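So, here come the structures, one by one.
Both complexes below contain chain A, partnered by chain B and then by chain C.
Right, the complex of A and B next:
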């Protein structure tokens, strides 16, 4: 699976609210479709997304089957300290993937 | 004299679509915004995959970067395909060119024309030509390929008995159901279609139209497909490349 595309500033001023944007490569198979011989295609979506900042959870999302393939997520975070932002997501197969970025607060 | 001038004008007017209009303008503001922002354009998932593949040597072979160097050297390449292969003189499109390179220079197995790896490489090469005008060679072996492509474009096909030109030329800008009919240019492929929820080739898009008019689609590697691709490239000559485009 291709790596996600993440867009976030490298450095921000203390107290500033900044956006993190992430585009995740995932088929988000809804479970509603059938294959060419009529057999249902099992659901396989990202069902949970968590973002931590310096170890503290700052954003969490539950995903449902109506979300399109390759989901794009934007959320805002308030800059507190320089640290690592870790984004983790889990799909229906139980597979978990994460990406981390470093942010410098000035 | 005036009749002669008019005749000359008709003869030298070139492709019937005088000023081609990219399907980008028919895609709606939200979709255009998606295409314009590289971090929101899902096509870049494949572009990144292709850039990685460019650097990675296939087992026992040489990486693309081993001969071509940085992928930035591919600027302008995607804008001039389909073209004749200089070695054999046979017309190839970009996917065909990649597979020729793999077979001749990289001693690697061919990639499936519409597999993720091929689409990723084609997207990564294509994005280097973004903004450059699409301009293919029209001389030598390409002349007859383009002529056959135009003939196909104007041939009625399928149970609905429609030609490409009847929708994408005569009725471009009108509506088919809720959707605006675009002129059907090929300047944004491989492109991400929201309808497909993935990236796809021009051949896939042509197949969708062929099944739409209830004709039997050409195989992905059929000569007809290449002829149509060549004609579409000439018909949209001058349009800036948009790879990877986003369409509804």
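Right, the complex of A and C next:
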């Protein structure tokens, strides 16, 4: 799987609400389509996305087949302490991938 | 003449609310691009009894097809310029003024000087308006520094001159919008020709194309050509974070959701919608484009107004000069039929788009369309693109076909 694109500030003030943007390259095959010979193409989507901040879950999303290819998420997080933000997503095959970023709270 | 008189009678009966003077049926064509000019001339040919008026603010039309070659210094701007002399000679009354509003109920066009022009049927071919506000920091003023050059004319020359001033080793950034927009393969032809210019004149400079889409017209052909010809061209699609959301003309910065690019020259092609008059006259819907009946091109919102060209929602048909010309001819026939009390027949329309990737390197896509379920639909298997593996002679031949096509279509539209 390709690396995702992530946009988040490196440093934020304590108490500030900031946005994290992530774009994950994924075909999000819906399971509704058929191939050239009419055979159904099996569903293969990212079905779960979890973001933790300092070990604590701060955002979670469940995805369904209506989500378009290459999902692009924007969500807001409140700055508490300097620490690691980990984003993990899991696909229908059970494979997980994660990316982490460090944030400094001043 | 008997058929004519019967036709006029039918037309008069079909419009009971309008007090019509005795005389020929009046068709007003609004907008003198490929669509409008072609429609006015065709209507004069097939229905000489109809009085045709063209309203177009500019005395000179600058054609968009091949304007990318002007930007790359491969073509003279004079080759893009056309006037309305042939239309006047055909008996089209040309009013060189801007129109500000269409009163669809009273069937009249209001001109910039306050005058009005009555019509029995209107053919609206207003082209596009640029949605500057969809990209933060972009505006008509910013376009003086970061040209769009998506309406041919002074902007074309500005981009050409700015390109010539890019330092060797510099960076050119192009921003390409999501669908729909004027000339689907146009940004990629432009990217090719800018890359050709840089490769020839500034070998250390590069071009970055930031695209709000992952898929585009003739993509495999373009990308194969870029791979072999232009190592100086980098294309970033939507899933690579290519959608431009903000620009700063002062510092030459182009921003996506994920990155910031510093450009010596930025060419920003913003999202688009139907020409302004379609919006103020309620001919465009919430999409910003004009819904039409695919047989007659009559507006689904305002009876008596037919919309052709880039402004129309033409289903599978792209927004191209060729499509506008094809729609103009079908629409002219439909308007002549309706004025004569006949029912317009179901049309077949063709589109072909040539793109020049380098001098002597042309590629094309063609499609055939028919109305189906209320929209113009691509007839599967009737069109196609240039072969992916073709010898240089084929590419050179297609580049010549493109030139011939331009001569043919501009002769048909402008004489």
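Just so we're on the same page, the second predicted complex is superposed on the first by the 106 of 106 C-alpha atoms of A that agree within 3 Å, B and C clash if a C-alpha of one lies under 4 Å from a C-alpha of the other, contacts with A are read in each partner's own complex, and residues count from 1 in each chain.
Going forward, a contact is a pair of C-beta atoms (placed from the backbone, for glycine too) under 8 Å apart; a residue touches a chain by one contact, two chains touch by 3 or more.
Remember, it's a predicted structure, so these values are computed and weren't measured experimentally.
Put chain B and chain C next to each other and count what each touches on chain A; the higher total goes to B. Judged by the touch definition given at the top, the superposed model places A:3 against chain B, while chain C stays out of reach. After overlaying the two complexes on the shared chain, residue contacts for A:23 are found with chain B and with chain C alike. With both structures placed on the common chain, the touch criterion links A:69 to chain B and to chain C. The residues of chain A shared by its contacts with chain B and with chain C are 5-7, 21, 23, 25, 69-70, 72. The touching residues of chain A, when paired with chain B in their complex, are 2-7, 21, 23, 25, 27-28, 68-70, 72.
The residues of chain A lying in touch with chain C in their complex are 5-7, 21, 23, 25, 69-70, 72. Here chain B touches chain A in the complex through residues 39-40, 42, 44-46, 48-49, 120, 194, 197-198, going by the rule given at the top. For chain C in complex with chain A, the residues that touch the partner chain are 214, 238-241, 257-258.
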